[in-house]
Amino acid sequence: MTAINRRATQSDVEIISNKKVGAYHHMVFAAGAMAAYAKPGNFVAISVGGPSSSMILRRAFAIYRASDRGQYGGTIELVVAPHGQGSRWLTSLDIHDRVNMVGPLGTHFGIPTEPVSALLVGGGYGSAPLFGLAEILKERGCRVDMLLGASVAGKIYAPLEGKRSVNSLTITTEDGSTGLSGKVTDVLPSLIEKNRTEIIYSCGPMGMLAAVQEVSQKFDTLHQCAVEESMACGIGICMTCVLPVRDESGVIKMTRSCIDGPVMDGERVIWNSHRRIPEGTWGA
Amino acid sequence: MTAINRRATQSDVEIISNKKVGAYHHMVFAAGAMAAYAKPGNFVAISVGGPSSSMILRRAFAIYRASDRGQYGGTIELVVAPHGQGSRWLTSLDIHDRVNMVGPLGTHFGIPTEPVSALLVGGGYGSAPLFGLAEILKERGCRVDMLLGASVAGKIYAPLEGKRSVNSLTITTEDGSTGLSGKVTDVLPSLIEKNRTEIIYSCGPMGMLAAVQEVSQKFDTLHQCAVEESMACGIGICMTCVLPVRDESGVIKMTRSCIDGPVMDGERVIWNSHRRIPEGTWGA
Amino acid sequence: MNHDFQSFDFRCKFGSKYFPYPIFTASGCASSGKELSQFFPLNEIGAVVTNSIALKPRSGRATPSMAETPSGMLNSIGLQGPGIDQFLEDDIPWLLSHNSRVVVSISGETVEEYASLARRLRVVPGLSGIEVNISCPNVENRGMVFACDPVASRAVVEAVRRNIGGELPIIVKLSPDVTDIVAIAGEVISAGADGLALINTLLGMAIDIDAQRPKLAGKTGGLSGPAIRPVAVRAIYQVHAAFRNTPILGMGGVTNGRDALELIMAGASAVSIGTANFGNPSAPIKVKEELEVLLKERGFNSVNDAVGVAHEK
Amino acid sequence: MNHDFQSFDFRCKFGSKYFPYPIFTASGCASSGKELSQFFPLNEIGAVVTNSIALKPRSGRATPSMAETPSGMLNSIGLQGPGIDQFLEDDIPWLLSHNSRVVVSISGETVEEYASLARRLRVVPGLSGIEVNISCPNVENRGMVFACDPVASRAVVEAVRRNIGGELPIIVKLSPDVTDIVAIAGEVISAGADGLALINTLLGMAIDIDAQRPKLAGKTGGLSGPAIRPVAVRAIYQVHAAFRNTPILGMGGVTNGRDALELIMAGASAVSIGTANFGNPSAPIKVKEELEVLLKERGFNSVNDAVGVAHEK
């Protein structure tokens, strides 16, 4: 790929809903035409802090749902954790406030041409893009199992209507406050075996993705993951979001996760390379 | 003086009203105890831009009215021109929003012990502190005439209830859109003569104050003016608000307008000293 | 004033080359242009200044290579790029075929590397200029940054001048992290620079108080964005005061037309947009449009008339 | 971790003097303390660092002497003050009578002026230290700022050291506007500094695009506030890495406890609050309280244990 999502545009969009759900805010934006082109795995980049903000960089958010019809024209929905300055500002906005949005950005989850058995693994707000993906997979006749994990119950994002589109839903929390006690990778092997999983889709913190890849490799399943590196621009011009990825010819290159990702082939990513360039990387 | 207003405190105050009036916003704050100590001429300093603001300095606003009783406890009222980034942010706030305020700050207008004939001259939002002053002067049995000027009608701030407390109100606008056409200093001499003015109180842009002082000197009236130098702190610690003022012993010293002002004796100020230190200044 | 009937001259000039608009991208802040072309046509700005390109492919530095700071950001990208060969094969033809004017930024670790890069570029048709990024560690002198050393700065510029031939303007990009930027400017001008680019990032650092270590994997990084604009304006003002005839490509925290005009009045003949692109991919076009309005409102018939006016009052 | 039973040691040390808290005011940003005492008791912070005081009264520079910039401000106050005589008569007794610890900042135009100031202060009882502001133009060397010149910096510190006697710690305040701050630090340490203050403001400028001239009457000014914090952290980190045994009084854009801890982890033994006081007159006390919580949360038993920890990982 190595090119920006050719559907990406920039516009001021209105907030039409902002509701607290557990530890997150579910936010809906009247995003017009942008919504029509959004695919599961894509993200948007939003300016934060208003006109005299000291925060100069956009914040990236995975698209939870996108719909191109309805009362407000196209809408884009996000699940936002009020974490730091930027996300707290965003989640504090009111209905009718406007934000500047660029999207849809990045790669999307690949959809198998045959009906396969798919397992969707989400950590924290990483579950967001998986529900739209589940719907599409179901439409294609896939079996869809979902496994969501978080530290505590409030950080599991799993709305009712989302649950409907999966064959099974397993939840783990580290403190056991809901679902099974433990991490997603504790139950991952048994789920793969039970459901004869052929492809894993994952989204969540980098540590979780790396652990999922390890299991995936053991079972020889395909694994598409949506990575989350810090991004200064989201459109491929700053090079701050790179991670080492093996290309088709086997060469490891520092690859932009905003345009050659966030969805990547788990097998190609060189994991656990935080704070260092892996040996053998091209140009190192 | 040369000491911060000993009544000054700092607190988060709630906006209880914000109404557009001509070119300005009339804003009311539930300021609690701060209101009890505010005197005409005092000002407050407000943080602008919210928690992630790139604007690090407070903005100063003359107190238009202060009342220490009523539904909301003490209230402080301001007249704010949406001019630059900070004031536009402030005037865009909603009822129930809170801002951090330090006040009351600075010196206040001196009240004559005898009933005298006073002329109050205001330029633009500089009229704000004059209405509270007029009330006090009337209570003391003074004759109170008011002269307000601005470039256009929308920049004359003269609410009905304010007008009631003066013996006469003269208005000038540079474009003649309301009142007499011209500047306040065009009509000032005739008003002084007609009303046998003994003291002039003024508030407005520095150029206007300098011109008023010239006329005042010619008629040998007293002149108390509220100056407006840019202020980084408002509490006497940064030295950015200094202007050359002759002290009791005749020495010209660079004097902080936030604590030895904003109300100063017009005769003592060395006017038109923008961008230079007047010769003979102490330490120059 | 009514200037409707007068034509407005928006051109700027470096060496022998005219550029139709005084707004460029800043090196390292537009990749090789392709991505931004989705937001505006690249020929609508003066030129794309490419990422600094080295002789060999470079992986850049490890992540995290970015940290947001108040009104600014730190980066330690470390000049990631494919090396000059692949760059000339892929990026340049694409840019030229899209009618973009191209200024190639080069970086080296030795004087000889700069010379080689200049020789490679000399034979490339269609380029509009070369920006010499001397804020790079000099491996022959204990890694001391060229731009911090007048002797090394001069040596690089002389080498580029000797090897580039007469046509292509050489714009030398200086670091603000020096005691006397005017002295460095003097050296590189006398060594043959046609113009100066001011300023590169300031060396900075941020610490993660939870991990208790520097936020960036590379520890220090370059500070850019609106936070540094006052330093850029000062550097441009000082250098323009000393060398009125050398055009300056100004940069440092420009996000809108007012900021650009500030740099121009300080002495910049044109302005590059860097970090602002990350927050707003249409920043260059926005700055250009706002600047045109501001100049006309003030009665200027050309951008050139506004260059350095703040020195006159 | 539970540290409730352990006592927490919040002290810092410069030369022979202990200060009970590691939060100071920054020179020029607290006047002589009186005004801030309305918002918190001055003995609740480590020390008040006074405005830089000169031998003679100084009017300072003309207004406008201030311009707000993104997350920062420029000032060209120009060391307005009453001169050492009146200062010793009025300000010092007031501060001491309010149990404030006092560090007197001094500034001169010649080496001899610094020496005279040191002689005057030597005989004043009750002081806790002297901060030597060498970011002043040296009239004997074409107005070149002392802090930009290793030889002049050394000469000033040697003169102060000779004249101050043994008791009072000497903290030398450096400018970040130099090519190699570690080299300057080395000079002043070997000349007898007990500690370093890092950093003074960065030289900057802003232009009023309507008036078409510099916003400040003095043209250039010093840039301070959160915008420069990354430069401060970098300077502190570099100097601490080179001179682990010399305590650093860190400053530059600190507005809250997290910022202060960032400077401490970079290598500062204590932190001064400057520009933040203008936006929030209770900033020093807020920073101190937040810092204590942050240190305890991270299991530190003393502020000293956190000094420079970012170097270890």
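Should a chain be cited, it is by its letter among A, B, C and D, assigned in written order, with residues numbered from 1 in that chain.
In the analysis below, contacts are C-beta pairs under 8 Å (C-beta built on N, C-alpha and C of every residue); 3 or more make two chains touch, one makes a residue touch a chain.
A quick note: this is a predicted structure, and the numbers were derived from the prediction, not measured.
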item	value
Chains touching both subunit A and subunit C, listed by label	B, D
Chain separated most widely from subunit D, comparing mean CA positions	A
Whole-Å gap separating subunit A and subunit D, where each centre is the average of the chain's CA atoms	47
Inter-centroid spacing, subunit D versus subunit B (mean Cα positions, whole Å)	35
Two or more partner chains touched - positions in subunit B	54-55
Touching two or more other chains - residues of subunit C	70-72, 225-226
Chain-level touch network, classified as line, ring, star, complete or other	complete
Subunit A partner contacts - residues on subunit D that touch it in the complex	70-71, 226
Residues on subunit C engaged by subunit A in the complex (per definition of touch)	28-31, 34-36, 38-39, 51, 56-66, 68, 70-73, 75, 77, 80-83, 217, 225-226, 255, 275-282
Contact set on subunit B toward subunit C in their complex	54
Subunit B-touching residues of subunit A, taken from the complex the two chains share	48-55, 85-86, 89
Interface residues, subunit C side, partner subunit D - complex	69-72, 74, 148, 177-180, 202-207, 209, 211-214, 219-221, 223, 225-231, 233-234, 237, 253, 258, 261-262, 265-266, 294, 298, 309-310, 312-313
